[in-house]
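You will see subunit A twice below: alongside subunit B first, and alongside subunit C after that.
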Partner chain A sequence: MDTILELQNISKSFDGKPIIKELNLEIYKNEFITLLGPSGCGKSTLLRIIGGFETPDTGRVLFDGKDITNLSPDKRRLHTVFQKYSLFPHYDVADNIAFGLKLKKKDKAYIEDKVQYALRLVNMEGFEHRKPNSLSGGQQQRVAIARAIVNEPEVLLLDEPLGALDLKLRQEMQRELMKIKKEVGITFIYVTHDQSEALTMSDRIIVMNQGIIQQMGDPKSIYDEPQNAFVADFIGESNIIDGIMLRDYLVQIQGVDIPCVDIGFKPNEKVDVVIRPEDLSIVEPGRGFTIGRVMEVIYQGAYYDIRVACGDFEWAIQSNNPAMPGSMVGLSILPENIQIMHKPRSSDEQIIEKN
Partner chain B sequence: MKERLINFICRFYFLLIMIFLYIPIAVMMVLSVNDSRSRVVWGGFTLRWYGQLLSNRQIREALFTTIGLAFLSSAIALVIGTAAAFGMHYMKKSRYALMMGLTNIPMLNADIVTGIALMLWFIRFLPLGFTSVLIAHITFNIPYIILAVLPKIEQMNMSVYEASRDLGATAAYGFFTTILPQLSGGILSGFFMAVTMSMDDFMITYFTKGAGVNTLSTMIYGEIRKGIKPEMYALSTVIFTAVLILLLVVNYAPYAREKVQHRELAQREA
Partner chain C sequence: MNRRNRELLASPYFIWSIGFTVIPLIVILRYAFTTAGGTFTLENILAIGNAINRKAFLFSLEIALICTLLCVLLAYPLVMVVRRLHISRRAFMLFFLILPMWMNFILRLLAWQMILSSNGILNFILQAIGLKPLDIANTWAAIIIGVVYDYFPFMMLPIFNAIADIEEDVIEAAKDLGAGPLTVFTKVIFPLSIPGLKSGITIVFVPSMTSFVVADILGGGKLQLIGNIIEQEFTRSSNWNLGSGLSVALMVFVFISMAFTIKDDVVREEPELARVEGSDKPDRRERAA
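Showing the complex of A and B:
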C-alpha cells in the first residue's frame, strides 16, 4: 500500500507534561484509520500536529514523502472537521462551504457546482441560505464535513466529529461517513474515544494511551486479540485475571488448570488472561472450570449482564438466559476464547503491531 | 396596610434618589431655554442661547477639537488596547494579574495626579498642544478598551479561526474574518466608552493642553471664570445629551444583538 502520511519519532509535551512519546506511524492512501483512546491519551494532539495546529517538540511529519512539520495549516493538502463544528456563524451554509474555494479564487460557476455537489453528498440540499445557528448539531456537522470535502483534500482529519450527537444520530452519521468515504475515496483519519464507533467504521485502529501506541490492527484483531490489559479493558468489557502459563496450551487460573490455544510463553510465566463476557457460559455447578455465586443479574435488552463471584474475583458474563441471584453456578469457556497476554514490564510499555 | 407602607417608602426612596441625581441637570436644561440672563426669573422660552453657540467661532472650534480628539484618541487606543488584551489573554496567571493591576491603576488614580504627571512628562519632550492632549487621552482610554475587549477574547471560539486557517486562510485573513467579528461587541462598547470618557474629561486635558487648544470642557471652565453666561447652559445641555445618547447606544447595542439572536433561536425551535 502507498503511504501518504508518515509520522517519525513524534514527541510533544505541554508545560513539561509529556502528551506524545516518540511515536511512529504510517498512514496509507485511502484507508479509514482511527485513533482510539481515553481522553488525554494524546490522540487529539496527534491530529492537531498532522493538521498543523501544533508543532511537535521532536520528530517529523511527512506528507507524500515531503517534510511538512513546520508548514502552516493553510499550506497543507488536508482538511479538518472539528469537534465543535466551527462553522462561521455570520456566513450562511453555502458561504461556509465556499470559503476554501473562494480563497483559491475559483470562478463562480465552479464554486456553485461544487457547493451543490457537497450539499448533496451530505444530504443537505435546500439548506444553502440557512445560518449555522439555525441548524441542529447533526446538520451543522454535515455542513462542516461538506465544507472540508469540497476542497478535495487528500486526507480528511476528523476530531471526534460525532461526539456531541445523541446515540441514534451518531449511528446514522457513522453510516453516512462510511458512505461519503467510499464516494470521495480519500484517507480519513478519525479520532474518537468511542470504541464501538472505531470498530464499526475503521479499516485500521490505533489504540493509544499515555501518548504511546498500545496496539494497531484491523478492528477484528484489536477486539479478538488485545495485546495488553489496557487494550482488552478499553475495547469492550473484559475479564482480566492473573494466571500462570504452566506450559504451551495450559494456563492456570485461581489454581485451576485450563486448556488454551496459546504457545510461546516461558514455563510458569505469570500472565494476564483475558476472557470476553460473551465467551463465558453458565453451566451446572461442577461442570465448568470454576464454581461461583451469582451476585447480580441485570437485564440489558439483548442479553443479561451477570456477575459471578469466585473467590476474590468477580466474573462478568453476558448470557442470553438469566441466572438466579444467590445460586451457585459453574462457568465454562472454550479454549480458543482464552486470550493470554504478557504482563507489562512497565505501565506504559509499548506493544508493537502484530499482524 | 403594612405592605402599602413599605411600597410607599420604596417609591419615596427611589424618587429622592432621582431628584438628587437629575433635578440639577433638569434645572440647567430649563435655564438653557430661559429667555432671561437671570437665574431665578423665567423670561419665556427661547433657543437664542443655542443660536449664539453656533455662531460663536471659539465654541465651534472647541466642539470640533473635542469630537476630533475623542474619536481619534479612541481609535488609536482601540488598536493598542485590543492588541494588549490579546497579549494579556495569553499571559501566565501571575503576569496576567500584574497587568490587570497596572491597567486598573490609571482608572482609579485621581485625574489631577494623572494630569500633572503627564504634563511634567510632556513638557520635557514636546510642546503642549493638540498632540500632547491626544497622547494623554489615548493613555487614559486604553484601560477602558482592554476591560471591554478582554472578556470577549476569553469567550471567543478559537476553533473557528483554526477552521479558517485549515481551509487555506492566511493568519491575517483568518483574524479579520473569524476573530474580529466575535470581538465586535466588546470593541464597539469599549470604543464608545472611550469616546465618552474623552469627551467628559476636563482635568487631564486642562493640564496637558497648551495655550490656544480648547475642548468644550476646558472652554466652559474658562468662560465660567469670567462669569456664567446662559450659552454655557446650552452648551452643557448639548454635551449632556450627546453623552447620554452615546451611553444609550453602548448599553443598548449588545442587548439588541442578543434579542436578534434570541429571535433566531426561537425560530429554530419552532
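Showing the complex of A and C:
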C-alpha cells in the first residue's frame, strides 16, 4: 500500500499541557482511517495539525513524501469537513460549494458541472439556491461535504462531522459517507469519539488516549483483541476483572481456574481479563465457572442487559433470554472468548480507573 | 402577563416619545411651512438652495462623507487586530476605546482646540523635533479630526460586534478551501460584517452631517456647516421659521440617504433557523479535544 501521509514524532502542548506525545503514524492511499478516542485524547488536535491549523511543537508531517509541517492550510491538497458545518452564511448552497473552485479560477461551465455533480453525490439536488440557515443540520453537513469534495482533495479530513446529528440521521449519514468514499476513492481521515461509528465505517481504527496511540488495526481486531484495558473498555462494553495467569492456557479469576487460549505470560503474572458481555451465557447454578445473583435485567430490544453479582464483582451479560431478578445463576464462557492482557505499565493506560 | 399588559411596559417610552419627538416634530413642521405671519409657504424649505445655505450644506455633506469613510478605514484594521486578541485583552482594548466617551463632549473638543491651535501642543512637539509648525486650527482638517475622534467608536463597535460573531470555523473553512488572508477578508469577513458596517454608517454619518458644535469650536466659526446656520437662525437671528425649514430639508435628505443604506435590512427576512433534525447547537468544540 502506498503511503500518502506520514506523521513523524509529533508532539503538541497547549499551555504546558501535553496533548499529543511523540506520535508516529502512516496513512495509506484510499483508506478510511478513524482516529477514535475520548474527548481530550488529542485526536482533533492531530487532525488540525494535518489540516494545517496547528503547528506541532516537534515532528514532521509528510504528504506524498514532502514536508508540509509549516505549510498554511490554503496551500495543502487536503480539505476538512468541520463538526459545525461552517458553511458561509452569506452564500447560497451553490456558491458555498463553488467557493474553492472559484478561488482556483476555474471556468464557469466547469464549476457549474462540478457543483451539480457534488450536489448529486450528497443527495442535495435542487437545493442550489437555498441559504445555509434554511437547511437542517444534516443537510448543512451534506453541503459541507460537497464543498470539500468538489475540489478533488487527495485526503479528506472529517472532524466529528456527524457529532451534532441525532442517532438515526447519524446512521443514515454513516452509510452515505461510505458510499461517497467508494465513489470518489480518496483517503478519509475521520475523527470521532463514537466507537460504533468507527467500527461501522473504518478500514483502520487508531484508538487514542492521552495523546498516544493505544492500538491500531481493522475494526474486527480492535474489537476482538483489545491490547489493553483502555481499548477494551472504550470499544464496546467489557467486563474487566483482575486475574492471575497460572500458566499457559490457564487463568484464575476470583479463585476459579478457567481454561483459556492465551500463552506467553510469566507464571502467576497478574493480568487484566476481558470478557465481552455477549460472550457470557447464563446457565444453571453449578455449571459454568461461577455463580452469582441476578441484580438487574433491562430489556434492550435486541437483547437483555443482565447484571450478575459474584462477590464484589458485577458481570455485565447480554443475553437473548431474560433471567429472574434475585435468582442464582451460573455463568459460562468459551476459552477462546477470554482476552488476557498485561496490567497497564504507564498511567497513560489507566484512564478507565479514573472514570 | 398577557400581551396587552406587556405592552403597557413600553408606555413610559411611548409617552416620552410623544412629548419629545412627535409634538416637537409637528411644531417644527408647522414653523417650517409658514411665514412669521402664519401663512403657508415653501420658502423656508427651498432656502436650502440659496448660495450660502447650499455651500454650507455641501460642506456638511463633504465633512460627513469624509468622516464616515475615515472611520471605516480606521475601524477595519483595528477590528481585525482586536478580534485576534485573547478575550481579556480584548475587553481592555474596547474599554480603552470607549473611555474618552465618558468625558464631556465639549470638554474633549476644547482639548483638541488646545492641541491644534497655532501655539498649541501639536506645534510645540513638531517644533521640538525640528519640524515646521502646522496651521491646522480653524481649518477643514481640524473639523475632520474632531468628528472622526468623536464618532469613531460608534463605527468601530458595531463592526467589531459583527466580526466577533463570525465563527472561527467559518474562517478556517475558507482557509481550508484555499483562501489566503486577503481573500478570507474580502470573501468572508467583510461580507459578514456588512450589517455592522451599515449601522456604523448610520450612527456616524447622520450626526456628523448635522452637528454644529464641532465646527463651532474647531472651525473657529469661520467654516459653517448647515448645522451652524440652523443654530444661528434659532439663536441669533431668531428666525424660527427659516431654521425649521432648513432642518426639515436636512431631515428629508438624511431620510433619503438612510433609506438607501438600511433598505436591505428591512427587506431581508431571516428564515429563523428552520431546523428539522437533531440538536443543532453543539457546544463550542474544545480546541484541545
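The rule is short, and it goes like this: the second predicted complex is superposed on the first by the 348 of 355 C-alpha atoms of A that agree within 3 Å, B and C clash if a C-alpha of one lies under 4 Å from a C-alpha of the other, contacts with A are read in each partner's own complex, and residues count from 1 in each chain.
Here is the rule we go by: contacts are C-beta pairs under 8 Å (C-beta built on N, C-alpha and C of every residue); 3 or more make two chains touch, one makes a residue touch a chain.
Everything numeric here is computed off the predicted structure, so don't read it as measured data.
Asks: Sharing subunit A, do subunit B and subunit C clash or fit in the superposition?
Replies: Overlaying the two structures gives a clash between subunit B and subunit C.
Asks: Quick one: is A:169 in contact with subunit B, with subunit C, with both, or with neither? Answer first, second, both or neither.
Replies: It touches subunit C, and subunit B stays clear.
Asks: On the A-aligned overlay, A:300 touches which partner chain: subunit B = first, subunit C = second, or both, or neither?
Replies: Neither: A:300 stays clear of subunit B and subunit C.
Asks: Once the two complexes are aligned on chain A, which partner has more residues of subunit A within touching range, subunit B or subunit C?
Replies: Partner touching more subunit A residues in the overlay: C.
Asks: Output check: A:321 vs subunit B and subunit C. Expected answer is one of first, second, both, neither. What do you get?
Replies: neither
Asks: With both complexes overlaid on chain A, does A:104 touch subunit B (first), subunit C (second), both or neither?
Replies: Touch partners of A:104: subunit B and subunit C.
Asks: Which holds for A:133: it touches subunit B only (first), subunit C only (second), both, or neither?
Replies: Both: A:133 reaches subunit B and subunit C.
Asks: So, does A:19 touch the first partner subunit B, the second partner subunit C, both, or neither?
Replies: second
Asks: Quick check on the superposed pair: does A:82 touch subunit B, subunit C, both, or neither? Answer first, second, both or neither.
Replies: both
Asks: Hey, what residues of subunit A end up touching subunit B and subunit C alike?
Replies: Looking at subunit A, the two contact sets intersect at 51-53, 72-74, 79-80, 82-84, 86-90, 99-100, 103-104, 131, 133-135, 144, 147-148, 151.
Asks: Name, in rising order, each residue of subunit A that touches subunit C in their complex.
Replies: Touch residues, subunit A against subunit C: 14, 17, 19, 39-45, 48, 51-53, 72-74, 79-80, 82-84, 86-90, 99-100, 103-104, 131, 133-138, 144, 147-148, 151, 159-160, 163-166, 169.
Asks: Which bits of subunit C are touching subunit A when the two form their complex?
Replies: Going by the criterion above, the answer is residues 167, 169-170, 172-180, 183, 187-188, 191-192, 270-271, 273-282, 285-289.
Asks: Looking at the complex, which residues from subunit B come into contact with subunit A?
Replies: Contacts found on subunit B: 157, 159-160, 162-171, 173-174, 177-178, 181, 261, 264-265, 267-268.
Asks: What residues on subunit A touch subunit B, complex-wise?
Replies: Of all residues in subunit A, those touching subunit B are 51-53, 72-74, 79-80, 82-84, 86-90, 99-100, 103-104, 131, 133-135, 144, 147-148, 151.
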